[in-house]
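In what follows, chain A forms one complex with chain B and a second complex with chain C.
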Partner chain A sequence: MELTSLGLYSQAIIVFAALVLFTSFVMLAQPRIQPLIYTFAWQGLLLAVVTALVALVSNHPHLYISAALTLVLKVGLIPWLLYRLSIRLNMNYETESITHPSMLLLGGAGLVVFSYFIAVPIVHLSGLATRNTIAVSIAVELLGMLIMIARKTAMAQVIGFMSMENGLFFAAVVSTYGMPLIVELGVAFDVMVASIVFGVFFFHLRDSFDSLDVSHLNGLSETDEAMPLPEAAEVEQP
Partner chain B sequence: MNSLAMSSLSIAWALAAAQTLIFIAAAPLLAGWVKRLKCHLQNRAAPTVWQPYRDLAKLMRKDMVLAENASWLFRATPYIVFGATGLAAAAVPLIVVHLPTAAIADLIVLVGFFALARFFTALAALDIGTAFGGMGASREMTVAALAEPAMLMVVFTLSMTAGTTNLSTATETVLQAGVVLRPSFLFALFALAMVAVAECGRIPVDNPATHLELTMLHEAMILEYGGRHLALIEWASQIKLMIYAVLIVDFFFPWGIARDFDAVSLAVGVGAVTAKVMLLAMLLAAWESVLAKMRLFRAPQFLGFAFLLALLGMLTSIVLETGS
Partner chain C sequence: MMMLEITLLAPLVGGLLLAFTGHRALAGWLNVATGAVTFAASLALALDVFDHGARLSAGRMFYIDAFNVYLVTLTAFVGMTTSIFSRPYMRHEVERGRVTDRRMRLYHSMYQGFLFSMLLALSTNNLGIMWVAMESATLTTVLLVSLYRTPSSIEAAWKYFVLCGVGIAQALFGTVLIYFAAENRPGGERGDTLLWTVLHDTTAGGLDPAVVSLAFVFLLVGYGTKVGLVPLHNWLPDAHSEGPTPMSAVLSGLLLNVALYALVRFKMLVDASLHMELAGHLMMGFGLLSFVVAGLFLHRQHDIKRMYSYSSIEHMGLMTFAFGIGGPLATFGALLHMTMNSLTKSAIFVTVGYASQIAGTQRIDRIRGLIRTQPSVGWGLLIGTVAIAGFPPFGVFISEFLLLMATMKSWPWLTIPLLFGFGVAFAGLFRHLQPMVFGEPPAGQKPIQANMLPVAIHLALVLWLGLSLPTFLSGWFEQATLLISGAALR
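Right, the complex of A and B next:
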């Protein structure tokens, strides 16, 4: 659909959708923890704006509730929980070395092309004004997955996971004007619980390895004597 | 061809010549304005906006000192640089669109002009054989090699929407479309601004005000120049800054530019472009006062980000703005 044939609000939806995609790219290459959490919060905010605009354009008032839920959970609660965790784990100024950030970003651009390719049949089927943004929502999902694959610290991986959930929610909003409210509430609750569980996981990870680098999990403790895991475990669990 | 068409054509050519001359003459004014704003922002005593003209006049009057081993290349480079930049300025619509000069060169040729000027500056820097010249040339080419793809990507993004790489026609297309919120233009705007900052040697990539050995890029190349040669090169770099400012204005905020040749719309065009470029210069001054110059090795990241933005602009223009 030509952009010029849409109303100004629909154009705004598309602009904000593009900005959501942009925040995903920023997260992909952001090596510091604190800005990463802020970017995640920004993505949530943009998502809430998109949802509210879709509600306005399509006259689906229940989407306002979804937007409010997104605002509370993904802009307020989850970033706050992650932020507090990063301070308690003393890692808010830590930087993670990303190998080949430019390659990572180009790979992300490749994922956008791929998601455009797979979204073309869906776009042909759909008659909604927001149908062009389906490809972007799939791209946000895939980029979240790429964050989980490419990044080494647990915090970045958790944010990648949450960003994938953002992508799913985004896809639901733009392709079918939102899931049933009960499903959305359930997913939101799931994500909130997940963020708490991840917090516990962070503490265990740090207690065991003194860092949040999940590549330590690949080492077998029997083969590597330098690993402090067996002694620590024995002392803690008599 | 009847006499009326002849006269309108000659008016168009006269306007094109006048516009180019205004462009070249106003470039030091823009540099002076930016410098003045920066001084105010940084609590320093500010020179008048006419100071760049005085500097240029002083340099023009001074004798030149040429190195003994300087070849013809070294002596010809200032003229080549000034000529290429002046030609590039002729192709950019400043006050009015649809001038005959706009048909000569499109955006890709514009990038080519800049590349030509840069190539000769780098050669001249190597020609003298000083350590700083070589260092500056290598740094400048590194930055240029990264900035040029980003710039071209911006050009392609814009031409995807406008359907042409011709500046004048593209400006006209944007004008006719009215207010359309295009994500690709948003990304292209930021990418072009970042490329402009890098290409014009402004903070954070390069600091135009310093001659500190280890940090300078552009200044290291022209260290051996003096007198008239230096004046031409400095003037050319001021024109380049102005070209980038006018490019941004033309593409993203073209409202007010004259579309026909009568006196009122021309006056509106002059007023509009002056106001817009002045505003843009304020943003540049604020940006330069807030940021610190980054390490040279972070410049690739900066330009890589610009490239990513331009690429995203391209992708969003395909994914979001067209379609079945």
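Right, the complex of A and C next:
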């Protein structure tokens, strides 16, 4: 694949795809909450731009709707919601200590290589999708998962979740020019509801555990000694 | 097709109404009425499909065939009986002060919302919408798991949300890949290829094998998380044990089935294109692993609802294994087992709910002497557990026997781990059950007001189906078997 043989717009798609991947890496190692939210918004914006470009190149006008949807949801509503929550919960200046950040980033790089590997059988079928964009979309999804696994605050996990969804959306756009509109609307609806439910959970977590550090959540497990039941007193019948 | 619309609209409308009236005294009855309407409509729909064959609705939005119509009916039925149980149970919880009025509104409306998304996932013709419905099933139930707002319930709900969210995202990626393979198949027309009917009838066999096998791995991880396959099962015991009991009953009896349904639908597609048994082998492996591991975990439980949720994992593993084997006999057995497990397991969870209200705790070592305190609950738990452990003459015995036979026919060596699993699970259930039912009741343990009607109906059905499978039902299963495995029984 000769990069120079592609049209200008197709080259632009690849550049923006690379930037989307870059934002994923930034999120992976960003310990502070507020910049994390901003980076997530940037990723959404880049995604919207790529979608609009693909719409332009491929003559699929319904992709403009997807791009607009992304813009409203991923750049506007969800980051705004998370930002508001971070202020309400007084954690906008909190930093999370990431254990072994360099290992984490190396692991992320490994995931990118792995994505290129699994993209091989897909690429030969596709007209528009270049190897780069498909692999990037898989990588963004897997990196989102890595964020959820490696990070300990609830906020970072939510952002990892949403970033995974970004990767999936990106995969649909570059491989099949987006899903049918009704499915895309349904997915967008689910994502919106999910972000609201996550917001509700932040308050529950803070009320019960006094922090949003989900590593406190380790009460339920399979142990041989009797389970600690903090609510045992409450369960007793009057 | 009017009946389908009623089946889907009833829970939707009921859920909206209950969002405003869910805390009133009559709300429990409204919940029951909605369930009854849904069930009546689904029964009419089932008869219609049984007479006239598969139906495709106008606009190709919904598709009902022999496979999903029986699951629609089963879902509506368990939804109805559980709502009968939920009315007095939740009133008791309100009296004990564990739930406020606002949360009762949430509970009732989300209960119907959950049923709606299950029915939508079953009846839709669009594989993308199926994913959307599965995700909204998580969203509707996640706040119910944390309904009591105890730290452990919030932890359980968070785990449930995050794990199922991650899992189901993989399923979406698999769906995208299937769509991609269908759009790019050589010489086919574009558009509408996310519709099941189009995919199955016109593109069958023409999908690119490499892409399809990759897609199935993602789909198995995704929907497998929801089925509760080991090692993706961590959310399941937590969510079942910490949520209100009616929720455990419908999660265990319905949600897991619907997730498995999605997986089997995709397996049908993948098998047609792949010319090898990749999908079947993967499902067999994960299924057998879940079956054995969950059986072993049964021994280590201290919480009664956790114990029975491991039993659910075990049975879902068995069904996944059977669908993986794939012949007509195994498929027939798996379909039968799906029904039996749903009916028995939801009956058990209802009984467990009463048992833990009697004892005031869910800890197994504090639940004692149920038969002496309240014979109906004690016997219900005993008979339910006997049924789920696979004793004759209950229906679970028949389906497990069929599955064993199918295994012996096609994979003789695998009957050994299968029999081992049955034995381990049996021992795991009964070592805990014995003292709970027969032991000495603690001083001052009083009976509660319990409506055992749903339990009685479910267990009677399981017994009846174990003694004689009625012709219309077996005809139905045979149709579905033909559809899934591509070959008729016998």
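Quick note on the criterion: the second predicted complex is superposed on the first by the 215 of 238 C-alpha atoms of A that agree within 3 Å, B and C clash if a C-alpha of one lies under 4 Å from a C-alpha of the other, contacts with A are read in each partner's own complex, and residues count from 1 in each chain.
As a working rule, a residue touches a chain if its C-beta (ideal position, glycine included) is under 8 Å from a C-beta of that chain, and two chains touch if they have at least 3 such contacts.
Everything numeric here is computed off the predicted structure, so don't read it as measured data.
Put chain B and chain C next to each other and count what each touches on chain A; the higher total goes to C. In the superposed model, A:V183 makes contact with chain C only, not with chain B.
In the superposed model, A:L81 makes contact with neither chain B nor chain C.
With both structures placed on the common chain, the touch criterion links A:V15 to chain B but leaves chain C unconnected. In the superposition on chain A, A:L205 contacts chain C only, with no contact to chain B.
In the superposition on chain A, contact is made by A:V112 with chain B only, not with chain C.
Of the two partner chains, neither chain B nor chain C is touched by A:M192. In the superposed pair of complexes, A:N132 makes contact with chain B only, with no contact to chain C.
Of all residues in chain A, only 1-4, 8, 11-12, 14-15, 17-19, 21-22, 25, 101-102, 105, 109, 112-113, 116, 123-124, 131-133, 135-136 touch chain B in the complex they form.
Of all residues in chain B, only 177, 179-184, 186-187, 300-301, 304, 308, 311-312, 315-316, 318-324 touch chain A in the complex they form.
Listing the residues of chain A that touch chain C in their complex gives 118, 121-122, 125-127, 138, 141, 145, 148, 154, 157, 161, 164-165, 168, 171-172, 175-176, 179-180, 182-183, 186-187, 189-190, 193-194, 197-198, 200-201, 204-205, 207-209, 214, 217-220, 222, 224, 226-227, 229-232, 234-238.
Residues of chain C that touch chain A in their complex: 96, 98, 126, 128-129, 131-132, 135-136, 139, 142-143, 146, 148-152, 154-159, 161-162, 165-166, 169, 172-173, 176-177, 179-181, 183-184, 192, 194, 208, 210-211, 214, 237-238, 241-242, 297, 300-303, 360-363, 365.
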